[in-house]
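Shared between the two complexes below is chain A, which has chain B as its partner in the first and chain C in the second.
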Partner chain A sequence: MAALTPPATGPSTPTPSPTAAPVRRRGRPRLWRGLVGLVAVVYFLGPMAASVLFTVDVPNEGFTLSSYSGIFGAEGFWSSLRLTLELAAATIAATMLLLVPALIAVRLTAPRLRVLVEVLCSLPLVVPAVALTAGISSVLRWGPDDFAGTPLFQTFNAIQNPGFPVVLLLAYVLMALPLAYRTLDAGLRALDLETLVEASRNCGAGWPRTVVHVVLPNLRGALLNTAFLTLALVLGEYTVASILGYQPFAVWIVSLGGSNAQVSVSVSVLSLVLTWVLLLLLAAAGRGRSQRTARPNRRAAAAPTDAALEKP
Partner chain B sequence: MTATTTDRTPTPPPPPLAADAGATVEFRGLHRRFGATVALEGLDLAARPGELLALLGPSGCGKTTALRMLAGFEHPDAGEVLVDGADITKVPAHRRGTGMVFQSYSLFPHLTAAENVAFGLRMRGTGRGERQRRAAELLELVGLGQLAGRFPHEMSGGQQQRVALARALALQPRVLLLDEPLSALDAKVRLTLREEIRRLQQDLGITTLFVTHDQEEALSMADRVAVLRAGRLEQVAEPAELYARPATAFVAEFVGTMSRIPAVRAADGLVEVLGRRLPAAGEVPAQGELDALVRPEAVQVAADPQGAATVVAASFLGAITRLTVRLPDGAEAKADLPTEAAAALPVGSPATLTLPDRPVLLDHRRPS
Partner chain C sequence: MTTARAATPPPAAGPSPEGAGGGPAAASAPAPAPASPVRAGAVRRRPRAAGWLAVAPLIVFVAVVFGLPAFAIVTGAFKTAPGAPEGVHWTTGNVSQSVQGAYLTALWGSVKLSALTAALGVLLGLPLAHAVVTSRFRALREAVLAASGVLANFGGVPLAFAFVATLGNSGELTRGLDLTRHGWSLYSFSGLTVVYLYFLVPLMVLTITPALEGLRVQWREAAQNSGATTRQYWTHVALPILAPSLAGGFVLLFGSAFAAYATAAAIVGSSVPLITLQIANALSGNVLAGQGNVALALSLDMIVIAGLVMAVYLPLQRRSARWLR
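Entry: the complex of A and B
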């Protein structure tokens, strides 16, 4: 008996501390969370609120939206916006058409090449935009001279067409490659691609239909993320476009802002809002489709075991 | 028609679900190498119409490779695959007309159970109404009619494999291929699904190849079992025959439990085992020392104070208890006893081993 008592009391003494500690611990993170949240809000939203205030509250005039209305009327607003959106759409399409088939093929047929593809796709990260642009512009300068007599001369002209500068598209695709590769690769990694493809082919689907009906729908999240990042990249790209002398939205904003402080700030606010709106639209487009297919089915199946449905 | 498939009466369901009931499948001299590893080295094997043929063997014996060749996912270096006598070696996978259930969960994550089952019909261009009707019918057949709207991630592993089975049957395949479909499931589900697959297969009369490394699964489900080793066929036979009359020592030891008891050559082609002269079953290895291979249920153990053998371990298996008995020369033999009888033989007690007067299977003695 005597031997039993010490071990019995031993564990009983420290028990109060574990129960007391969580109480204290639980209180602190809440405080910290609030504090960190507050700092983040002030850091991000403070400047924005100040900017908005600055643009709508003009000294001597009071509240006015004139700086915003001025932008919509300003020359080049719509054309630069259209150019940017066209470039974004084309970049997204080109990047995906280039990468998706390549990544699927590498994963299924030559897994050893994956490292090579990864290195290739990451290369643009080590080339600064300015260096890339310098390279492009020197090629564009020499090209026409060297190929004067050949059909390539026309090509050089065509890709520099200010209406839709293909050369910018090429540069953007290059710059988007690392981002697109990462997201698509992560998406593919989450799938048991080989089994899905075999199951699909076993169900009588040839290669093209397998990709369209099985692989792409399961990559939707990754495709959406790729589109997201590429869109954000193209919307904010300034260096290449500016040096090559084109005027997409970002370049136009800078050129407009120089003259009037209020207009300059309101343009920044506007571009911020525009980016947000586009990204939200993209997200909504992606999410909407999945819910449309999922909802009616779930309702039909809900009857026996609802608990299982709540897991995801 | 669906009514007959839902209630599980022994009457076979209507034919439309089965293809023209049972094709023959034949592998002829299949060879396949992956770099330095040999997966198949001249496999010859034929499945009869409507039978369930299990391909059994240790991992790396080529059983899955053979199955994937039939599905069209692998191509042989040499040899051919025939279905109903026609060479399909060059036919692409999506035109093979085989239905396959995979080892890993292979349902399309973005489709519901019903859409998964209907996928093949959709690829074939069947109309929506017909597709839905057939999918519902097949899900009913595998007992999951009420889960038609579930997505794969909302189903258990067993349910997913059932849906996969329904999907494999949707196109009325000539051959059903099962690639270890139960190995990812827990023991209980595995048992029920095993019976269910067998029942369905018999009802539909579809020729089925079933790859497994689990001998119990193979013996309990299959009409015939083909034991593969290192890319070759060791033996193909009905389960009872495979168990009772294994053609080679490898089959004997792979299927069921076998003990090795030292044997000595005696006159007239007999061998002496445990002090008894017995005829040899099958061939006697030409040279070297011999072991007799015996099943635990064939070994008789009796408590004997003068016995030279000692009980060294006992494992309780329910109605029977399996004793491990050490012989004087150090060899160990396993023997099954009714559990009550085993009570007289506690671990450490002396005993005598005897063999029945039947031919014994012999093999070279292994260097221990």
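Entry: the complex of A and C
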């Protein structure tokens, strides 16, 4: 409906708008926008800046970087970091393996399953992490209570192995599902998947080859996004791990906070910086490709006037 | 990582050698019927089973990893604790206990905090998102949206420590401006509000941006040409269109604040009564032993509220999507 308006009003609107309207509109909003931006910058960058200041400006010692150098020597740093990174890698891999084939299949061959998949992936939103943890710990108690002596008991023990707690992996994959689903679904929506697959199949490629060499490269942006969001989720996850009694990175930071505030804040700063760097890398890697596929739609929606002005 | 595989040469489906998995392709190509609709049907038939096969792992995963804990919560909430003297039996005691006394206070505290932060998040997120969307600098816009993505997902521990370092008892701002004397405390309801907004406002920006991008410039021009002031444009055109998105954003923010645990746990310990903190306490037996089933009942309360939130949010989102085409 609205798309029809520009051609109709085209000849008449451009004449009044450059003269009357913009004069009235330009001045105030720009000031106001600047103010909003300023407040936002202060609020969002303030804590970061203060954290950095807090870590380098120790009350009785003056400027020092000792809290940063102290990180690597702190007890439990390497083990918790390794655990978190392993969990993150496994979570990303498992999420992709579960979702990518399912979503491609839903798009191509089983549109009826679409609602089911959407519901399945949205279910975790209804159960807050704390509640999920309560449920998980209650399930884990079934092991010794109800299954002692059966082979299932071994399974219960195996998934709680503190070296690599599979139970955390399962919980994280579940928690990552809603976001991962949305990201991947948006990526797939921007593709003309059916044509791509048909073309590839007509050239004689089998399904595995089509998926690996045609579909996935086109999904690169969405895959990277998903991987990044999942990584951020696992890096920052505290609830499930702390209540179940494991010590990945976030739990370790908190446990450190009691004894050494300076170091724990500096670790937080570092992990924030790490996340930002990853984000920048992601943005750089995703830009080249997504520009061609996703961008035009969004831009057309965002600035319909540009499109309208270009036409005549 | 999967991305490594994805980085292989671009698609183009160029001269792909027919080797590899030519099986299924060959099978579907010589479909018997010449008429095209029938052939389409034949092509479609084969992968339907494959479709189920591809979705099956997801179904099994959610059924086990989501289903078992959900089952445990629902049944456990209505059972006595395993170690109870008169044996395990069905009861509504846990649930009624979960909405009484300290637990009720915590539930109410969570609802209050979530409602307040969600409302503030909407009020502050809308102007920010509007400023960003209407900005002429595309780079700025993309940077803010990307940053919002990080901040919205980056609640939790680092955020808590950043605020402790800024506004905590010995934080930089607290010491610099001597805020403690003015009655400021981070470890309180208002302190948590300030912290929660840090991830709720970006979440609002992310949620509302598509709706704001859907506001056509023509609508504003039409309003202006009809003699409307900016204020009239907002109250009669833009806000009614945005209303479902705003309401949806509020609900989403509420749910997000309601479920937050890590930030609160890392900052206030348990000095502010929140339901998530109570569940964790009851689970770890910090307060009283044998409260595990009350924790399950509390979880059930939370799930009911979160379920209501989603039940309100999804139709709102669908309604707002109508304008965004």
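The working rule: the second predicted complex is superposed on the first by the 246 of 312 C-alpha atoms of A that agree within 3 Å, B and C clash if a C-alpha of one lies under 4 Å from a C-alpha of the other, contacts with A are read in each partner's own complex, and residues count from 1 in each chain.
The rule we apply is simple: a residue touches a chain if its C-beta (ideal position, glycine included) is under 8 Å from a C-beta of that chain, and two chains touch if they have at least 3 such contacts.
Every value quoted in this text rests on a predicted model; they were computed, and no experiment measured them.
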| item | value |
| --- | --- |
| First, second, both or neither for A:204, with chain B first and chain C second | both |
| Partner chain in contact with A:192 - chain B first, chain C second, else both or neither | first |
| First, second, both or neither for A:31, with chain B first and chain C second | neither |
| Chain B versus chain C as contact partner of A:224, first or second or both or neither | second |
| Touched partner set for A:93, first chain B, second chain C, both or neither | second |
| Touched chain A residues, chain B compared with chain C | C |
| Which superposed partner A:213 touches (first chain B, second chain C, both, neither) | both |
| Partner chain in contact with A:126 - chain B first, chain C second, else both or neither | second |
| Interface residues of chain A shared between complexes with chain B and chain C | 196, 199-201, 203-206, 209, 213-214, 217-218, 220, 298, 301, 303-304 |
| Complex contacts: residues of chain A adjacent to chain C | 2, 5-6, 9, 13, 16-17, 21, 25, 29, 32-33, 36-37, 40, 43-44, 46-48, 50-51, 53-55, 57, 59, 89, 92-93, 96-102, 104-106, 108-110, 113, 116-117, 120-139, 141-142, 145, 170-171, 173-174, 177, 179, 196, 199-201, 203-209, 212-220, 223-224, 227, 229, 232-233, 236-239, 242-243, 250, 253-254, 257, 261, 264-265, 267-269, 271-272, 275-276, 279, 283, 298, 301-305 |
| In the complex, chain B residues that touch chain A | 71-73, 92-96, 98-100, 102, 104-110, 112, 119-120, 122-124, 146-151, 153-155, 164, 167-168, 170-171 |
| Interfacial residue positions of chain A with respect to chain B in the complex | 191-192, 195-196, 198-206, 209, 213-214, 217-218, 220, 293-294, 296-301, 303-304, 308-309, 311-312 |
| Interface residues, chain C side, partner chain A - complex | 1-3, 5-11, 13-18, 20-25, 28, 44, 47-48, 50-55, 57-59, 61-62, 65-66, 68-73, 76, 82, 127-128, 131, 133-135, 142, 146-147, 149-151, 153-159, 161-167, 170-173, 197-198, 201-202, 213-214, 216-219, 221-222, 224-225, 230, 255, 258-259, 261-262, 265-266, 276, 279-280, 283-284, 292, 295-296, 298-300, 302-303, 306-307, 310, 324 |
